[in-house]
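There's a structure below that I have some questions on.
Which chain is which? They are A, B, C and D, in the order written, and residues in each are numbered from 1.
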Amino acid sequence: MTEAKAASIPLAVEFTGGLELLFSNQRKHKIAIPSKKPDGEPSNVGDLISWLCDNLIKDPRKEMFVLDDSVRPGILVLINDADWELEGEDKYELQPNDEIVFVSTLHGG
Amino acid sequence: MTEAKAASIPLAVEFTGGLELLFSNQRKHKIAIPSKKPDGEPSNVGDLISWLCDNLIKDPRKEMFVLDDSVRPGILVLINDADWELEGEDKYELQPNDEIVFVSTLHGG
Amino acid sequence: SSKDKWPLSTEEYRRYGRQLILPEVGLQGQLRLKSAKVLVVGVGGLGCPAAAYLVGAGVGTLGLVDGDTVEVSNLHRQILHSTNTIGIGKVDSAVDYLNGLNSLVNLIPHRAHLTPQTALEIISSYDAVLDCTDHPTSRYLISDACVLLGKPLVSASALRTEGQLMVLNVPPKPPGDASGGPCYRCIFPKPPPAESVVSCGEGGILGPVVGVMGVLQALETIKIIASGTVDRADSTGKSFETHGKANEAPAPASPSLLLFSAFSSPPFRSVRLRPRRANCASCSAQATITEASLTSGSLDYVAFCGVTSPLDTL
Amino acid sequence: SSKDKWPLSTEEYRRYGRQLILPEVGLQGQLRLKSAKVLVVGVGGLGCPAAAYLVGAGVGTLGLVDGDTVEVSNLHRQILHSTNTIGIGKVDSAVDYLNGLNSLVNLIPHRAHLTPQTALEIISSYDAVLDCTDHPTSRYLISDACVLLGKPLVSASALRTEGQLMVLNVPPKPPGDASGGPCYRCIFPKPPPAESVVSCGEGGILGPVVGVMGVLQALETIKIIASGTVDRADSTGKSFETHGKANEAPAPASPSLLLFSAFSSPPFRSVRLRPRRANCASCSAQATITEASLTSGSLDYVAFCGVTSPLDTL
């Protein structure tokens, strides 16, 4: 409602499919990240992923989350319950209270 | 966002558990009902139920939906995914785009 | 006993290894399952898959209640039975199959429908109950008995292409304790009019729809038992000394109803339910339902639900 | 044939009556099920419940693919098998049970894992495929084969307390037709690093979690067949002449992924997936995967997925 001049943007981030093991074994995280990049552009999902690597991941095996500057193969990124490829992938500009889910595909049966 | 002076309030109404059979066998309905009662009070869920009986129900067996001025026993009313008893029951004042679901309990097994 | 160095047999470690290694189960959870006695009321479309997964998971004792015999029209969804057991009691047909799946489980047949006269006595021997029946009369009876006896109740139903699931009376506090989970009467204080009650025989049912609900009942029951919500192994055995351990059994989520609709998008919806009702006839401080009134038949579940046929509908 | 006055036998009307009376199935849907040939790849935690409900529902022919034998550690979740069939091939163990449930269904055993050399030949005989395997190598292989042959694919997976379900290649249009449903490679163009792949044996699995996903696979398959999305009875039999009838088979919902997490609230989440990928190696106009390249082994699914052990992981 209030388009605040806040310097940060509140987000709901969730990890499932085993990815939560990299993040203190906690699935749901309420976080706030800077709303702008250093160059003044609004933060996007790519910036969120960098922020998670710098601030939230607890496991040293970061390559289980990020490889070659994007999420590793086998992880789906969901923006408000849609595959991020429907929303612009890492270029999607974050909105307050967006729900971003990182899902590692399962293979068991 | 826009607190319009609209005379009507848009709602998403859904019928499940067999209740859809009373409503043209259609589960999801996008409707708009008057935002105020004749006395000027804001419309509530009780008013919505009356409106549905007057305007949307197609089956003559209205007693399968309403009995003694409320929904019949065995129907749960959900307001934005919560039992209406958590939200004030029929006195809950409708907000634009509220999602109201009427569920008939199932007994089969 | 859980004090031995190897509390499970080699066969049990091998059989249950894939669930034992889960933090949500662990050795403690497996021992709780092993010491648990679970009652499945109704061995139809819900009870068949529920019983299969409970027996697979190694609950120590499983009771089965049903007075019906297997019919060919059951077999598209009642997957414990078979063409060879048509005409045989459903309970015996199920025991045949379940014993083959896991003979370590103690199976107890109850070859008649639950009645107000038998419900308390039967349910009192168990730690958790699954309502897999198909009529409101039995649903109110089972819920009332579970409240009086302090048993968690996992209740599901299905019809046509839809299903519903609720975990009731969890935690299973005595009547009048508002911190207990709501009962069936809290959610549905008045029974539905008889003409609104449609059975699977009349309305039809898609097999996997009721199957999903039955499997989910087994899952919720395993979660309740493994987490220590009811813990026969740790308690003195008295119904109301059930307890969870703060570090192992997180307080149960607020009560919820799971709705499933096979042809809707999205197919599943979770809904928040109310807590116990302050004037509930069964679980409140003002409860009017007692062991005596229930057993004596004075409650007349059949008339309450407006049904004129005999109570042989479980 | 469907032109007779009584297209089903009395036994079939009685056995399938509870689903026949559903408008979503009806006589037409039951006849489509009866004429359908369905392949279940993997007879483990997913394949067991999926096969049970498909056989219960009366698919005409069910093929079962698996090269493994039953082990005691399977039995907490692989409910078609039994203590008596430990050591026997999973396919044969399943046929025993399924034949007892419904002897009207023609059961076809395939007693070896699917390989690039066998996948196309086996899958080509069927109308719909369920991926009930447990490794990415088999998931890419099955998806590629289904795209090449124009078969709908119902794919599920499970691990620990979670499950995932996707309906792929529905509608099953030829490669290059953007109106077809996405394939596994559209969603996951690159395989996961080998060290991120965890099996149920390593990670553990709760029985009803994988059970729910398997039952849902049966449900999605029944929906696809009964609606006429693939219709052997009505078509000339050529793969790409599959079609839906406007008034009976509504266009399939946009592609979605169902996520299940047994200890989360809410436990189910539905997610919108992308359509076909314009540069997909399998289903796009630029596809590089052909019947010849797949069968010849030049694709090397094992190396693709970074696995060093032999491809015996289905």
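Everything below uses one rule, namely that a residue touches a chain if its C-beta (ideal position, glycine included) is under 8 Å from a C-beta of that chain, and two chains touch if they have at least 3 such contacts.
Nothing here was measured: the structure is a model prediction, and the numbers come from that model.
Centre-to-centre separation of chain B and chain D, using mean CA positions: 40 Å.
Between the Cα centres of chain C and chain D there is a gap of 31 Å. Within chain C, contacts with two or more other chains are made by residues 160, 200, 203, 205, 269-270.
Shown for chain A are the residues in touch with two or more other chains, of which there are none. Taken as a graph of touching chains, this assembly is arranged as a line, each chain contacting the next along an open chain of partners.
Two chains count as a pair here when they touch; such pairs are A-D, B-C, C-D. On chain D, the positions that touch chain C within their shared complex are 11, 14-22, 24-25, 49, 52-53, 56-58, 72-73, 75-77, 79, 81-84, 100-103, 160-161, 200-201, 203-209, 211-212, 215-216, 218-219, 222-223, 253, 256, 258, 262-263, 265-270. On chain D, the positions that touch chain A within their shared complex are 42, 44-47, 132-136, 139, 156-160, 162-164, 187-193, 195-200, 203, 205, 210, 257, 259, 261, 264, 269-274.
The touching residues of chain B, when paired with chain C in their complex, are 16-18, 27, 63-64, 67, 72-74, 76, 78, 81-83, 85-86, 101, 103-109.
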